[in-house]
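Every chain is named by a letter (A, B, C, D and E) in the order it is written, and numbering of its residues begins at 1.
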Amino acid sequence: MSRITIHNLNVRRGHKRAVDDFSLTLETGRITALLGPNGAGKSSLVLALAGVLPIESGSVEIDGKALAGKAPEVIRAAGLAAVPEGHRVLSGLSVLDNLLAAGFGHSRVEADRAVADVFAIFPELAERKAQLAGSMSGGQQQMLALGQALVARPKFILADEMSLGLSPLIVKRLMGVIVKLAEQGTGILLIEQFTHIALKVASEASVMSRGRLTFSGAPATLLEEPEILHRAYLAQ
Amino acid sequence: APSCGLNNGKKAEGEPILVGAVVGRTGPDDFSSSSKAAQAFFNCVNENGGINGRPVKYMVEDDQWNPEVAGQVAAKLVKDNKVVALVASASFVEMGVNAKLYADENVMSMASGCAVAECFESKNIVSTNEGPLPSSVGAAQWAVANLGSKNVVCIGLTIPTVGQYSCGWTEKYMQSKSLNGSSVLIDPGTADMNSAYLEAVASGADTVLVNLPAGMAAAFLQVVMESGTQDDFKWISSTPLYDKDVPGLLGDAWSGKMYVNAELTPIDGTGPDATNWREIMDKYGDVSDPRDTFSQAGYLSARFFVDAMMKLDPAKIDRATVTEAIRAIKNEKSDLLCGPYYVGPGDRHMPNHANVMMQMIDGGFKQVGECTDVDSAYLDPIRAQEKELGISSN
Amino acid sequence: MGAYGLFLVSGLAVGALYALGGVGLVLLNRATGVLNFAYGAIGGLGAMAAWQILQWGYPEPIAWAVCLAIAFLLSAGYGAAIAPKLAHREPVVKAVATLGFGIAILGAMNLLWVVNPRKLTLALDGIAINVLGLRMTGTRLLALIAGFAITAGMSLFLVKTRLGLMMRVLADDRQQAAVLGTPIRKVETIAWGFSGVMAGITGMLFGDLVRLDPAVLTFIVIPIIATTVVGRLTSIRTTFLAGLAIGVIESFLTLYKPLAPFRVASPFIVAILALLWLQRGRKLTFAGAD
Amino acid sequence: MQVQVQTSEAAVSHRSEGGRSRLLSELGAPLALLIVAMVLPAFAAALWLKVMTSVVIYTLTAASIGLLYRKLGQVSLAQVAFMGCGGWVALRLAYGTSMPFEINILLGGLFAALVGMIFAYPALKMRGLYLALVTLMAAGGFGILINVLQFPNGGPGLLGFAVKSVSYMPRPWLAQTDAAYLRYCAIVVALGFGLIHLHERTKPGRAWSLIRRSEAVAMSVGINVTGYKIWGFGLSGFLAGVAGGLLAGNLQLLDARSFPPAESVMIFALTIVGGAWHWYGAVIAALLYRFMPALLNDIGVNGDAAYIIFGAALIHALMTAPQGIAGQIAGLANRLTGRKEDRP
Amino acid sequence: MISISDITVAFGGVRALNKVSVDLSDPVVGIIGPNGAGKTTFLNVLSGFITPLSGSIRAFGSEILPMPPHRRSRWGIRRSFQKEQVVDELTIEDNVGVVLDSLGLGSAERERHLAAALEFCGLSALRKTRAGGLNAFERRMTEIARCAAGKPKILMLDEPGAGLSQIEMDRLRQVILDIHSFNGAMTLLIDHDVDLIQAVCSSTMVLDFGSLVVAGPTRDVLSDPRVRAVYLGVEEVA
């Protein structure tokens, strides 16, 4: 079992602190839901963990190995794959190239196999292999973005607002994929605006508000005491 | 020993006389050679009693081949520093931009490196060199007389006050002799010399007059070599190829085949001025200063200027007296020039309009023609002027 | 045929140079999303150094090696030290920053080598074959062949190899490329270095066939950009063909006297016309772009 | 995307405060600068008069670039060529007719505007670097065209060029001397800024902002995208053309070598370095373009070394000041006056 | 009343819309369907960004297709975008008011319309604020105010609820419900939040693979087995 430990993390965005003394632990095989209002700093957290945003202070470790301040590809190779919000895909490249690009960490053969696995999960993508990613619909792009994370066969997936703009059927399918991944031993950080979707599958729940962690506990607690969430939303 | 000014070996300590120059140093070519020669000459004068005791303070500005900068630095020299005259300027842009300033401010520019028509057609500018027109016509004239050329094609730049000006008058010269002349003009930035050469071939000429800056000429001539048709033509060129580096640049294939016009007499001449120029450069100049035609011209401009100043009361040297003194220069002779140098009151000046021909041979040059006056209708007003002033041609 | 064949071959000979330059520019743009205005200057400095080496009497292979090494180092240096700091800016800003680099290189060249006519002579200049009545030297053939080879090679490289894919990924979206685990700094530096080598080759050939003059070599990049415009900054093959076409058109314009003085403008005119034709019937906006 | 974020920050830091004080703070600085330009000539040496005149003129060019970039998100790498167009017409009219200077530069400006509008046509369907390159192609074509045709120099005929020495373009009767001409240019440029301001504050400004955000959204709120884009290019071309007319009056002639395409790229780069988001960015750009080289030249720095300094400084500024120097000044001013930058 | 007949759109080989014919007349009509079904394409056809291969659209007695996009807006078709499109450097009032610029209104009338739209979307207090500092919800509301200002005939909202929190969703729902009584316009609403659709749309059309699956009263549509299969996933409603 692997573990990511985030300790007292601070991230600055412009003149504002987007992530403020944030600590959290993720474990393989578990789904952690991270909830919070708009602008709470969830996406900034994801980008900082992925190595894209600079970290001001604090530490991130995966099984004791420091990740903070490392280059994105190093973090990726260590087993942490982020799916940033807003279905960011490589819009000028074909679907296939998008997936192959996500497999740079593997050998060629291994990458081809990983891509084939993704095509099995999302046949829509297989049909559109040669289509430019930018010309696909929002939902198709989101599938591709998740597919890119899967190709890396990571230990942890950070999925930011994955259900945004997706039809219920697809959300259900994606959640199914997430649950299955967790069962197979991947650790998942699930960031969701639709709290009930996330809480339904999560084994752990955290609430973030103004960059700080304001709650951490069982999902059931949040379902039973919705004021916890409400307070976080009003604080923003 | 070099000779200059009072030749008394005494350092001049009086109040300096301010003299300026505008040269195009930074840009597509370096035109600072003439000002370096003038500087050497002024150094010599300052070490030898100055202008009746007053040293020359020589200020050289770089116009960077940019008309705006040319206007700025000229304003600085003429209006801020109040120079009494400009000596040994050499530029592609400066003269056109500043001719009006010089006229308005009543200051003379005794230039040494004029390239464009404006330079020769201004009241307050007089140049020691003769520019592309007499040089091209002179080359064609010599080829007609000595190589039996019947049809000359002039390869020039598309810049009209350079290309059309010089190639155009070369065509007119050929027509005036009932022969054929044509021009091929190329853009300074062109990458394609092939088509220009093909165009020249198509003109049916028997003689090609290369009237380009040395770098472009080298590119053009390389295309000629590639085509293997060098021997189909006779080859002549205007002054830019008269440079000690050029024979090496073009290669042995051109040895004995290329005839180059020189605006002044050969750099290795043995006359008193030729010797003195070299000695002054060696003693008062820098080893790296070029010893080329422009250097000769700069030396001469400075010498003629100093000669004129010497005639003035040193206490009364100001812009008005200097301008008057320069205008009064008449019948100055030098073995570096084919004809006499003069200024006069006219509103165009081209005192130097005779030249010599050199043959490029064995990595150097050999003089093949004596001083010859250029035969062009362009010079009619100039000759009328000379008659009026009583200038005696050689 | 006669004269036309002559002009055709002559045009191809010059066009090959435009084409070669254009392909190098497109390659870097495909790989990093940067249009390199310093391309000419980088090649220029390489060529000047090669000239110096030959001048000192060293053999030609050493001159080539020095030229390519200098061009590689200059370009890769920019790619490693400066390009990443500008990576988040718009393409236009990235492009004009390279102009600053080009101008600095031009200044350095003029400082190192006093402006003076020079000529770069390569061994291949000595051999020639006859094509349609025009003698073509080995160097010109080399330019044409190198153009073809590099065009074909690069197109394949970008599409078929992993490094090529990495370059395309990088050019598409730098941040996303990083998130996906592309070693962006490494790929970027390689791409720049690679393009530097191409600039070196181009610089040598231009220095030999056109003129060895720092300013001319620096600013030749502007007509070369015309070929990349026709190739929409992405198509290596179209860029190559555009280069050849521009050379041929320029050459043929010589035959028509009234237009002959304007023929140097043909890269620009061809670029604008090609563009108008390419986007005929295109709608103002299209879904997905906004 | 990144750029948009920057825009927003600039915009936010410039949050308006309303009322009279806003008008004062908006007009105060430009007025002060104008007054400096009016008083300065009385003291300045001839060299700096010439230099400052160039600076003032190129301020208008930089402003015309800034306008396109800031409002429409478009890049023109042909503004120096537009100056050439405007200057050409102004010169031709000055030699060929006896119309007053003002009319000549106005018509020069209008001609450049027309050319700008014609080039806006392909621009309608393009954006970003690609569009910029198309304008660069136009500038390249212009450079060669003008090399062959030349600027009018008082010759006869349509082109007004003859192989002869130049006659000089007369200056406005009010501004014969260099000092008066500097003042004259300052006033014309101030009027140009007024014109820009007027556009930005009203309907066209709003329309351009939306077009910059996205053409689709602009159309969806009823904006005639074609019309406003063409208008933007026309206005920008007009301003550059007027600047070209002023330049012709400054030298009293123009030289074909002054308008190579690389200069258009350079002035654009400097506009970015100066800061396109603030009006005084254009002033900074022009100072960098004309004052800095003159200063280096005057203190005896070799022209080639100046190139190296200039190139390095350009890259450095682009790397370190995403908002341009003007942005840094604005940031500094905000910090000094303790103005809040953002909503909590 | 909008009657759409036989609209077909193709991108290369893909048929994004396939002979879609439907009449829409309720105050708020929902458009749902799986991702890539052609919903946004449908709006793009209505707003004029895409010219269909065939078909015609009549709305309130006018033929829509011949009009260029900006004329359609002036005529009365307004839309918001899947990716929100608010201009950061403009104030909220300018962001909204820009839609009134091209209507040729007098300044008093313009101000009246502007104030009303801002009030309607709860933005009056923020009107002089630059949009750069707004949060996601305020930006959405600015966009809706821009659509609602003046006298539009049809509002088209493309996933306005995406990324909003539940509390914000409640306010959005109220605003959409009130549009018809505010200015009489009809609203076409695309959203994947079935609760929102259920709450505000009296009728709904469903697209799948570019074809109209079904259209009618929302309740009937949502219980339609085909819809449950392609869109909701069966257990959702059950």
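FYI, a residue touches a chain if its C-beta (ideal position, glycine included) is under 8 Å from a C-beta of that chain, and two chains touch if they have at least 3 such contacts.
The shown structure was predicted, so the numbers you read here are calculated from the model rather than taken from an experiment.
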Count the smallest number of chain-to-chain hops linking subunit A with subunit C, moving only between touching chains. 1
Chain whose Cα centroid lies at the greatest distance from that of subunit A: B
Of all chains present, which has the mean Cα position farthest from that of subunit E? B
If you tally contacting C-beta pairs, which comes out ahead, C-D or D-E? Let me know. C-D
When the C-alpha atoms of subunit B and subunit C are each averaged to a single point, how far apart are the two points in Å? 38
Centroid from C-alpha atoms only, then distance subunit B to subunit E, rounded to Å. What do you get? 77
Just curious, how far off is subunit D from subunit C if you go by their C-alpha centres, in Å? 30
Touching two or more other chains - residues of subunit E: 40, 49, 81, 85
Quick one: which residues in subunit D touch 2 or more of the other chains? 9, 144, 148, 214, 216-217, 219, 225, 302, 304, 306-307, 342
Contacts with two or more other chains, residues of subunit B listed in rising order: 26-27, 158, 187, 189
Using the touch rule from the top, collect the residues of subunit A that touch subunit C in their complex. 50-52, 71-73, 76-77, 81-82, 84, 88-93, 97, 100-102, 104-105, 108, 134-135, 148, 152
Help me check something: in the complex, which residues belonging to subunit C touch subunit A? 162, 165-166, 168-169, 171-173, 175-185, 288
Within the complex, subunit D is touched by subunit E residues 47-49, 68-71, 73-74, 78-79, 81, 85-91, 94, 97-99, 101-103, 128-133, 146
For subunit D, which residues are in contact with subunit B within the complex? 45-47, 49-51, 54, 144, 147-148, 150, 161, 163-166, 168, 178, 247, 250-258, 290, 293-294, 297-298, 302-304, 306-307
Which residues of subunit B touch subunit C once you look at their complex with the stated criterion? 26-30, 158, 185-187, 189-196, 198-199, 202, 213-219, 222, 226-228, 243, 245-246, 249-251
